[in-house]
Amino acid sequence: MLRFITAGESHGPGIIAILEGMPAGIEVDEKELSLELSRRRKGYGRGGRAKIEDDEVQITSGVIAGKTTGAPIAVFIPNKDYVNWKDKYIPIVAPRPGHADLPGMIKYGFEDCRPVAERASARETAARVACGYFAKKLLYKEGIEVISWVTQIGQISADLPPMDERMYDENVAKKLFLLAESSEVRCPDTLASEQMKKLIDDAREKGDTLGGIFEVAALNVPIGLGSYVHWDRRLDARLAAAVMSIPGVKGVEIGMGFKLAEVSGREALDPILISKRSSNKAGGIEGGMSNGEIIFLRAAMKPIPTLQNPLPSVNIVTKKECRAQTERSDICAVGSAAVVAESMVALVLADALLELRGGDRW
Amino acid sequence: MLRFITAGESHGPGIIAILEGMPAGIEVDEKELSLELSRRRKGYGRGGRAKIEDDEVQITSGVIAGKTTGAPIAVFIPNKDYVNWKDKYIPIVAPRPGHADLPGMIKYGFEDCRPVAERASARETAARVACGYFAKKLLYKEGIEVISWVTQIGQISADLPPMDERMYDENVAKKLFLLAESSEVRCPDTLASEQMKKLIDDAREKGDTLGGIFEVAALNVPIGLGSYVHWDRRLDARLAAAVMSIPGVKGVEIGMGFKLAEVSGREALDPILISKRSSNKAGGIEGGMSNGEIIFLRAAMKPIPTLQNPLPSVNIVTKKECRAQTERSDICAVGSAAVVAESMVALVLADALLELRGGDRW
Amino acid sequence: MLRFITAGESHGPGIIAILEGMPAGIEVDEKELSLELSRRRKGYGRGGRAKIEDDEVQITSGVIAGKTTGAPIAVFIPNKDYVNWKDKYIPIVAPRPGHADLPGMIKYGFEDCRPVAERASARETAARVACGYFAKKLLYKEGIEVISWVTQIGQISADLPPMDERMYDENVAKKLFLLAESSEVRCPDTLASEQMKKLIDDAREKGDTLGGIFEVAALNVPIGLGSYVHWDRRLDARLAAAVMSIPGVKGVEIGMGFKLAEVSGREALDPILISKRSSNKAGGIEGGMSNGEIIFLRAAMKPIPTLQNPLPSVNIVTKKECRAQTERSDICAVGSAAVVAESMVALVLADALLELRGGDRW
Amino acid sequence: MLRFITAGESHGPGIIAILEGMPAGIEVDEKELSLELSRRRKGYGRGGRAKIEDDEVQITSGVIAGKTTGAPIAVFIPNKDYVNWKDKYIPIVAPRPGHADLPGMIKYGFEDCRPVAERASARETAARVACGYFAKKLLYKEGIEVISWVTQIGQISADLPPMDERMYDENVAKKLFLLAESSEVRCPDTLASEQMKKLIDDAREKGDTLGGIFEVAALNVPIGLGSYVHWDRRLDARLAAAVMSIPGVKGVEIGMGFKLAEVSGREALDPILISKRSSNKAGGIEGGMSNGEIIFLRAAMKPIPTLQNPLPSVNIVTKKECRAQTERSDICAVGSAAVVAESMVALVLADALLELRGGDRW
């Protein structure tokens, strides 16, 4: 069983993750891991913070001579900015709507929202990408790839091949991924990418922020990951949790998702043929199991909740109305969230694969 | 910690659930539980099967003198139809698209799909509703209610107060729930209910099936359920898994969900005011925690995958193309799924409440 | 991953267990399960209760046509005595020392100890034996056997081959097991068996009770179950928990156990040879993993805490000193505990085996 | 729920632990943590390694302004010796009997035992002591203390007040602890301490090693930690696992432990009186729950498996018989194991306390 715990605050010494349960013998590489982390970090719309973050990730345990040993893998991502924050404490007294600030302060009984903001920061997701790297390496040994791209930012939608194709055809999916990798907003449509960047510029100017939609596809997944036998072993349930847990994500759908509610059974299902199926509206999951088609999901991310032109809030000390506090922050991080989603999906799939290769079929 | 395991096959002796971790001292009642189960069972579009199912549920342990004792609670829901199936074995050799049949058979190495169909049957969700009943009783002691209604079946959408209101105003939500409870399709719009029933009749005639959309609201939830401190403790992630695990559900969104991807931060967030907030677009969850507003989620259910006028399939014995096998089945079960979703949401909230009242704030 | 939850009270309708995670395709048999349950039930020193208990166990799910299906397995062991207790409630107001009565009542806030006694009853262990049956069947497919015998009851110790041999030589272990199976106290020494029975008779006459020591051996265990990589994956830790969780067990040792504290390293360790090792003082576990030798553990059970000639207690209503309440009870149940221990050990080993065959070595 | 994962190898950059689930608001201190770690490190019989280990522990997350924040706590214990090992790789080709070497190499498929030895090293237990420190701070807020002492090393037994008193009388226990804290072998008997040191000197001279017995007591534990309602929630089971998981521990007993097997019920049980009970033979646990008396357990540790005058082994490359490889190692580490046991016990109790204060009694 794969399990991982992450630790670390936004302005603390660094982010740490421990991943337990990785099999021995997987070749891994610190440079490659660093590269993977940089995929999350960059992107048009990311704030200054993302630029300060660095690649000096260290694998401090669980790997010997370039191979996993089966022991817990620890990863440390130092925070370059820490020296500047070490002896500072800037309280947050005007909680930001949409952020963990207010409920977090109340839950844990803090006197201001700083301790919340430190941990609730999306910087934590770097740790998930680090863990996801190892899961991806495991999957890759079996030929499985997890890829993603952005389809929408604010009101700009990419002009892409129809969803039917994106979730059905491996070549289409791979091509979209390659295009996304070279886009600053991780969007495969070059024209839309430019418009999205402009939209981000506009938002920045207005002190506003943006969200969007991304898609994740897992290619070459064997049949039978997950199980219908118990609700918490269903692959769809586990994927939904993994992706919904990414800060800002407010919706997840698998395959045609919400569109399946509108059509009849005849239109919704993917006929079984002797050759490959003729469609993949189910997004590669039937009965809570992978069915051999591309696993495909979409997620919606709300706009970043820290606004430079802030919304109304209440000062928790004076109890008076005010504007929400501001912090250095991103304008838009949909592309980064997509990379995090890849990692979370990879971790779920790797765990399900370990279970499948284990005792499911004796 | 609440944990539950369910067991039972569609045509076996009955469905069993054990719920472990319920506090002692909660008043419960077998009749009330039976009534709750009947909410899942009934509904226009449910097949003959739903009518055979019965209310003779037994609580066989964990309750003494009408109160929970802290011991594991076992519930047994006997299957009246069992006598007719006891000595029969009807193999399924033409797997149904959209069902667990094919990937399940491959995963577990069966010779036909019957063993899959028996467990993958939605009848298992009766066990979840039974567990949910206890969770609801616990929540109710704290004034928390979990309710649901159907907004769409196939292409018929209910004419309801706008989403902004449904997720914000407790009175609106409660009224929708009451209306839904007296609708045969659990839809609060009387006119749409009639149209939905007609659509279901049409589908039945064509040997087709339908899906739809439902909404779940949890009222009076205290601040601080779930936590931002670790991804798997986030309430939104846990709710997404719980609802996505319901057979047929292909999409889950919280608050405004996918619509939040299109708007800017200024439009997406719920300003913090001294009095109650002016909106609840976040659906009651910020930073993975309940924020004191209504917890609101929507889910899309695909059409039932067993069609009386079946889709292409392949006979797994002859390896020839054929039509998918048929079984007695529902035409539409969106209302039932909504009741199951209430139960799953209640179980997640109850568990989070047990955790909150524990050590989160010392 | 194997997981199981049990439910049921001593005088309720029955004992229920659900075992989740069993692979598909294991042949099982209700009669054989019933026989396994009877091994726990019988034994000199068991009370009238054990005689009332019956073999009418039902597997209500997870098995089709004599084979496990991968779905959760539910077992129901009805309680014949239930009809006599159904409408009775006999409060326990004078808690029994050594029993869960007093701390249980305080923990859960009951008004008397009856609800505690109902669940804390050792009858619950029937459910564990039922789950253990399935684990044993899985292990047996791999040639692994889990066996046990009693070495001591009160001050009567069996005259057995030395511990060095018992834990080293499979033939010795098997022979001890066969002898134990035909002894009413599950002791391989016929003479000691008779003395033990006499001791039990004496204790019964005095209104007293007895405990003892038993040993469990697992034969033909492959190398590498469990792991040194994390404390909670160590096989020794998991076995210790599994056996210590049996009511009445107060000590567990692996291999030479406490005796290893007295000797030097040279005397304590099992040299590695090209052929089989020359000793097995480690009891088959090194570094928290099985090392290919017999897994051997010993456990001490305290005397049954319900005495017919009871010890001082305090009436929880009058707050006055009194004698502890009595219930129908066993005089000695060491042989039964040994059978339960076999089951718990089998469940741990089966789970570890599922993990090993999974991803530990890719 | 408290959970923790540790990572790190013996000669790697350092040992890391993440502890998740600690409530917010507990005052902690890096210096105090460092002191606690030094309690594990020192001791007569510890090797040169223990001297190289250092106190420069860093809390890198989960603590702000000297208080826990509810976020995961990460602790990093750097390895001073790392610089010397960084570019070295000294294979272990002659596995040490009693060590994880041989089964570990086979399980994970390594070409030599070095990767096993690195992780199976007892240095990992430093991470547990670090986690235990936080658990102790939580317990201490409730007045609970966890203490330990050594009673035996090899054949030298301490002359201590009888077990009946040690497990019953808080003052006796505290006094033993204080004496142990000033003994180089953590033994409360000054004379025996000297003899133990001599024994250790002798063993060192002979290239041999030693084990022993230690006792752990938890004072002022409230009634009702753990539960009889399910086997895996029993406090005794959880404590047994926690202590048995410490490298080298081969036996655990609670209260009078194995001695309870020899006596009758009348002699074994602790009568319930209006005032404090007259004995504590149960070691503070009845029915798997704390009963308000001192929680008392004993554990046996086998001798260290790395001998300077090594036992027979087999060279895994040449397949020829040889002597087991040697490493720098301790002669005796019973005192250190006792400190680790304190930590593990504290972690179990803290978790049970969080559960109790949560929903067990509504």
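Residue numbering begins at 1 within each chain, and the chains themselves are lettered A, B, C and D in the order written.
To be clear about the criterion, a residue touches a chain if its C-beta (ideal position, glycine included) is under 8 Å from a C-beta of that chain, and two chains touch if they have at least 3 such contacts.
What you are looking at is a predicted structure, and each value in this text was computed from that prediction instead of being measured.
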Taking each chain's C-alpha mean as its centre, the one farthest from chain A = C
Key: Repeated interface matching B-C, over half of the contact pairs identical, chosen among A-D, B-D or A-B   = A-D
Query = So how far apart, in whole Å, are chain C and chain D when each is placed at the average of its C-alpha atoms?
reply = 26
Task = State, to the nearest whole Å, the distance from the C-alpha centre of chain A to the C-alpha centre of chain C.
result = 46
Key: Multi-chain contact residues (two or more partners), chain B   = 5-6, 20, 24-25, 70-72, 107-109, 119, 227, 229-230, 356, 360-361
Note = As the complex stands, chain D meets chain C at residues 5-6, 95, 97-104, 106-109, 116, 119-120, 128, 152, 154-155, 203, 206, 208-213, 223-224, 227-232, 234, 236-247, 249-266, 268-274, 277, 282-283, 286-292, 300-305, 307, 309, 311-314, 319-321, 324, 344, 356, 360-361
Task = Flag every residue of chain A that touches chain D in the complex, lowest number first.
result = 3-9, 12-14, 16, 18, 20, 24-25, 58, 60-62, 64-65, 69-74, 76, 89, 107-110, 114-115, 118-119
Request  = Under the touch definition given earlier, write down the residues of chain D that touch chain B in their complex.
outcome  = 1, 20-21, 23-26, 70-72, 138, 141, 227, 229-230, 353-355, 357-362
